[in-house]
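The chains carry the letters A, B, C and D, assigned in the order they are written, with residues numbered from 1 in each.
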């Protein structure tokens, strides 16, 4: 298994819908991918939380996955989220993504019933054994309902060969410190919590998984560059400049805010699927103000 | 809309799988339903949490729903859980259940992205407007990730005509007190937290939604009868007798523990779907001990 | 050691201050005690949370303790709260209370630094060994910052001879169930959470520790009597009748609300000590309304 | 009011007790202060959490306060914690500290009963109006039981003239981001959570309030210097080097671990007051190992 060098700004794609919300707008999806790549992101991640992966039918999921991989066409590495409630379905998605060219698959331990540590480990093992590409383990209790302790993450990292990266989204920066200390610096970790972008890089994160590059790619890339250049003052200044927008898109819900923002910048990608609302008028006003201030 | 009188012990069905776990065992499902009805439960609730509804494909969900309703055949009222992540899918399920004879549908505001109060209300309204049977609103933050405040529940209850019942599963008995006080005694509420069975009845709950009657129906029914007979001492005694089992099936995960228990009593219903494990050997020993003690 | 039979309604006293707030008004304290006893409470508990014990100087604490015990004069049993941050000070207070006639002392594991289980056990042991009267162990994480698990409570109960009663104030009724089950019915427990009064008695609590009898003693006593009479319907009706007041005095802060209520009923007891505010005008209006409704 | 320039490493003193634990060992206190100042800390903070201020009698508190201020003798600025449960007592301590030469007083809104925002503001206002030196507002819900929102902190900062600094110890780095953004960069904030030392400086904290310089002053100072030098890589390396010790002293309880560590380095300062235990044998072994590794 060759592990691609995943680092820097990892851009998450939205999933555009047609006007009535019933089908996926592949044309708009292609254009949103091109924008991200042209802006300079270091990798593309389709079908994550921002991509409303959880709200798609299986057929739609396959369609978006296949199209995204073909459209990226290896211009940058791809990380496809293949999480599903049952192990069998997650395995199917992981194989599908691999078969269509994904460089990495990302797995959140989605659950309805709370899972034991043994169940979570077995879930990752089953997926790992069914594919030949690396897995980025994803911890995000706010959406999955399951919080993986650092100790459990390391057990999985050590037990499943192709779990080679960790995306941390608890919002608690001390988890990254613990990953670094207990993992003896050998566990590449990535930040999935936008408002912790500066802190995660300070803590040694290799990359930032974010939907923000759909709207402010240059600020995201500049922050990463300042960190690479060891310029803390500049990184801090760049971080505080973009923080109001990062806070806004997180609190407003990524699909709603990113889709609204793309529309403001001329790319029509439809609305999120109900019950999630499109961004309301007051929210759009705020977002436009935040975007204007960053121009 | 005629509202059926839902009260007493509302038995939740499991969803039996065949040995390889790949398909639903309808024959076993029919027998488990008969057992519940023969034991005296006052209503049947298919496809709830215990029924692994979240782990079924759409085709399987339809199959289980249709079969369960036909098999119950109005011997007792039915309450079908139709929750789904998108409003469109939940509406489809609600209509399907109504078309096949469900007396009530139950709706949990399942979510991936956190929903605002307006989004939750719109979700219930859309489902309510699409069917002619009553909705039991279900609050269970542990599985849905969304906690509905009593105030929000009452707003929905007042705004959506066919939301006429509330199932409360937070584990906080004070929610029921608040429903009773703020609802001025006009909001029928049902308990969905097994270890609160006694307290919920003391607080005035009309019924107890539970998978326990798959294993100990008589004790469940006796507790309800003692409450109807205004005999607190007897109710307390009956409650403490069954509490160790109620605690066990909840902590062990209802699909795993109920399926193991049914097997012990001679009904083979297969295992839960992975990543959920079947009950392990130690757990089976404990469960057998608890069941023996209650004979 | 003879253990007094502590049961029923255990009335908590306030600590009246003079107009400038600088000294204790013993005359008013005596009258408030007489009111409680005349109304029929089964025991008196001075210097609890309601009694602002934490806000008194050591000299004041001694003064209130000595006066209260002398004034109750064994008409009913007394339970004096002797909690303090250091073990040495709590021991001193426990001895003082015993020397002046307390029947029971109550101990909350007050802490600034989080205590380990061994530290908590040693604290109870040291106090227990220094006195000859029983200790009521008190668990109230909201004020003490320390939550004692049921397992730890039982370890202390078993390890320290004169810890013979438990007061539970977490607001989680399942703690009482667990005390009852794990304690095999041998651990007398008392409810310290007003809005759980009905549920705690349903669960088997021997008594209710409450400041409410300062304002509505008859309703409190009637609820207890209904439970003794095994009349659940009547107990439920009585509970819901007084619940709005119970909720109000808890949320408004017991010293502020009880002192305001006593003033409304003709007994001037001053205000709480700053930084705690006296009940504001809006609150007084609400309280008067609640009291009027219960007349 | 002249505001001293408080910045960098702010060293917290322990309070040494004599062998029987009954009185304060002023000689040892003087030597521990000299060590801190000689090691280069930028300020000294007596009677904080580490100093067991909450466990002292009023007479002891006065003694330690007066001695510490006289012994520091303006070699570096001093910040005396004057928190107390009642406003009157906190005012008394604040005046005492000012009268004996404190440059700054620190106030935690210590509480037994939960305080409203108005009560907290009034508490700070009353203290502020009674003294002429600046107040460092201290937010630490883990010890005070009260969590001050950033909005409330800013209200107090704006309403009370001599509240001019904020010490944040929630452990949530996003609070500092919010203080920086909402305070428009005008609110000097200090970090009180040892394991967030790197992140707080990255976020722009002016100083680090810490007991660690009692044991590893050079590493603490070096981290601050690396940040001043804008050298993120070096700061990160220095942070991870000292993090195991920072984690250890926090989790083990600062009085117990710092006192044990001082003893290991030749300064006998006695044990913490009961119920807090001295560090046990296993803990001492760990601490010695951590200290050895940092030599």
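A few comments on the model shown:
Criterion: a residue touches a chain if its C-beta (ideal position, glycine included) is under 8 Å from a C-beta of that chain, and two chains touch if they have at least 3 such contacts.
Quick caveat: nothing in here was measured; it's all calculated off a predicted structure.
Contact with both subunit C and subunit D is made by no chain of the assembly. One finds 52 Å separating the Cα centroids of subunit B and subunit D. Centroids of subunit B and subunit C (each the mean of its C-alpha atoms) stand 39 Å apart.
Of all residues in subunit B, none touches two or more other chains.
Viewed as a network of touching protein chains, the structure reduces to one closed ring of chains, two contacts apiece. The list of touching chain pairs reads A-B, A-D, B-C, C-D.
Within the complex formed with subunit A, the subunit D residues making contact are 171-174, 177, 180-181, 195-196, 198-199, 202-204, 227, 230-233, 235-236, 240, 243-244. Of all residues in subunit A, those touching subunit B in their complex are 49, 54-55, 85-88, 109, 111-116, 118-120, 122-123, 126, 142-143, 145, 253-255, 272-277.
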